[in-house]
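Heads up, there are several structures right after this.
One chain, chain A, links the two complexes that follow: it is found with chain B in the first and with chain C in the second.
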Partner chain A sequence: MADTSDIKIDETVDITDVVCPVTFVKTKVALEEMDDGQVLSVHMNDGEPVQNVPRSVKEEGHQILKLIDNNDGTYDLLVRKVEDDE
Partner chain B sequence: MAAETQIDFATLKKGGWMRQKQKNKFALRIHVVGGTLTAEQLTGIQKVADKYGRGYVHLTARQSLEIPWLDIKDVENIKKDLAEYGVSPSVCGPRVRTTTACQGSCTCPSACIDTQDIAQKIDKRYFARELPGKFKFGCTGCQNNCLKTEENDIGIKGGERVEWIADKCISCGVCVKACRSNAITLKDGKITIDRDLCNYCGRCAKACPVDAYEEHPGFLMSWGGLYGNHFHKGKPIVPFFESEDTLFKLCDATIDFFKNNAKAGDRLQFAIDRYGQDKFDDMIKKVYNESENKKEEADG
Partner chain C sequence: MPFTNDQLERYSRHIILKEIGVKGQKKLMNGSVLIIGAGGLGAPAALYLAAAGVGKIGIVDADVVDLSNLQRQVIHTTADVGRPKVESAAEKMKAINPDIEVKTYQEFLASDNIMDVIKDYDFVLDGTDNFPAKFLINDACVMADKPFSHAGILRFKGQLMTVIPHESPCYRCVFKEMPPKNAIPSCKEAGVVGAMAGVIGSLQALEAVKFLTGAGELLTGKLLTFDALTMSFHTVKLPPRGDGCAVCSDHPTITKLVDYEQVACDFDPKHPV
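Take a look at the complex of A and B:
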């Protein structure tokens, strides 16, 4: 189930250097610069970012594909951009 | 002054008129439910504060609002003016007070229950009811506890029981990390929830990108909170439950207990202490069991 080899990553963003709420802001900005359907990999720290950023991304309407545990205290969240209908 | 001696302070206080230290000046406490006022009500309050007061209001510690510097002679006119905007006085003294609440599920992404609806129902059922002492209800939507429910005689906290839906799950692992209680494990594509660790916060379901959790909202109650001259943290007596009917049966039983066992000026916890915490807990558990068993029978 953890196989993500078939997911093509278009962009990456590192949010390990910022804290809430900038973690989400940085993620949001990265997604805004992408096209509908493209995949963003968000590199984040364990703890508060991994508890909250996935949910915020979901609430913005994007599609979460996978959360990868790098086993080094960081995670990569794979998100497919979903363009607003409006 | 003869007129002054006729002022019935107790009646005024009952109607939300709080005597100021300045002679013949009162602050009027407004009836607010769940911390919500409409723009129209605010207009009425603004007009009265300008016309009869000193052009300002005070926000109370429990989500009410007071208009200070009102003169005793204007009481009837003020009531009339406020009524035009759907505003009525609150209460003080030994009775059921303002029901406080957070925004709840109407707008808050974290809330598990519609706290505003619950607050309205509590207010309709109990507001201003005469009791031996003051009695406070507070309602919050989730474990974040913005409303600090354990400060209240009865605290109501929203929660939800979650059930994993295997067919929808993409094994992304987001819920495992969203859970603050470490109650969720993901192994070989299967989610296991440790029910002893789960605190019903619902963060797993709310974070799940594919809605692979059924959410069953319900309540966590606490009894006996105090945060004034004495401190006591309201404590839970019964586990999480989902029935609103059970919620109100428990509230009814508590109010009845307080009415029948409290001395003048008591708070709920004082009455419980005198009666015996164990005996009180047993009484509450009995009401809970009867209501929940009845529900189970009805559900088949």
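Take a look at the complex of A and C:
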């Protein structure tokens, strides 16, 4: 396990079982159910999800904290939820 | 209630949109729309609203499918000729999206039954083809404070406006009275391009989606006109609501619903838009 001891993870979501665009959709759903400032860990496959999900999450205004390579073909993306103004 | 993986996939293109998202999709799923007329305008609207996952859709039409409907009423097929339109429409809507509830009303709406039908819905979509129905729907929606989308199409032209009663101008604020007999030809006499129904009916569906989700700005206080021959959309700003309006002003002179008579020569209920 990568070192995430400095960051408290509030929720996790596994998107290794789905493909684009449901990867981002599942991430977005998880984030919408969380409170402002909470941290989500997104477990994803290498390749397309790693290319696109962090970018899409960022475009929604959330803060990317860390992308951890698990060295097994998967990554964990740590995202801090930023509540939009609407 | 959380989404299933199937729902996430079905509605993924909505959920991705910032303006809709999870919350907006849930609003659609908890929302209800009444479509009056399963004809040219109602057909695309019913298909798109079913596909969008609007939780409950009511569809009103007394007629059966006629061969002459098929040029524009894309929810019905050749095999449906002779079947009740509401039955044919409901079947397609459920086939697109089994998650939704479709309620059918195989009847004409009139002053004695319209209030009872519209009360169960969040938003009403006027897809009728005649002035008595348009005035009836407007007056009923104003009296019941029910937001609705008005639309009309003829030949290569279409028009559209959304009414939030007692906030924005209503149909009667703009078109005070029934037009004189034979002043306006029916679609049967004048003709209409099939795709015009698709354009305007789809715009009505968009207004319903925006109303339910709260996305963007509604077409209130404005009348949109579309001319397909020049491919031009115009939006005309309307005067504020209620100023002397017989039904939506603060001192209305119309306080109960009226059933206007439609002259027989320009309205054949068997051949709606």
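Rule of thumb we're sticking to: the second predicted complex is superposed on the first by the 83 of 86 C-alpha atoms of A that agree within 3 Å, B and C clash if a C-alpha of one lies under 4 Å from a C-alpha of the other, contacts with A are read in each partner's own complex, and residues count from 1 in each chain.
One rule holds for everything that comes next: a contact is a pair of C-beta atoms (placed from the backbone, for glycine too) under 8 Å apart; a residue touches a chain by one contact, two chains touch by 3 or more.
Since the structure is predicted, the reported quantities are computational estimates derived from the model, not experimental observations.
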item	value
Chain B versus chain C as contact partner of A:V18, first or second or both or neither	second
Contacts of A:G73 with chain B and chain C, given as first, second, both or neither	neither
Contacts of A:P54 with chain B and chain C, given as first, second, both or neither	first
Superposition-derived comparison: chain B or chain C, residues of chain A touched	B
Partner chain in contact with A:E32 - chain B first, chain C second, else both or neither	second
Overlapping contact positions on chain A, where the chain C interface meets the chain B interface	none
List of chain B residues in touch with chain A within their complex	109, 170-174, 177-178, 180, 188-189, 203, 206-209
Residue ranges of chain A in contact with chain C within the complex	18, 21-22, 24-26, 28-29, 32-33, 56, 60, 84
Chain C residues within the chain A interface of the complex	2-3, 5, 8-9, 12-13, 15-16, 18, 21-23
Of all residues in chain A, those that touch chain B in their complex	1-2, 46, 50-51, 54-55, 58-59, 63-67, 69, 75, 77
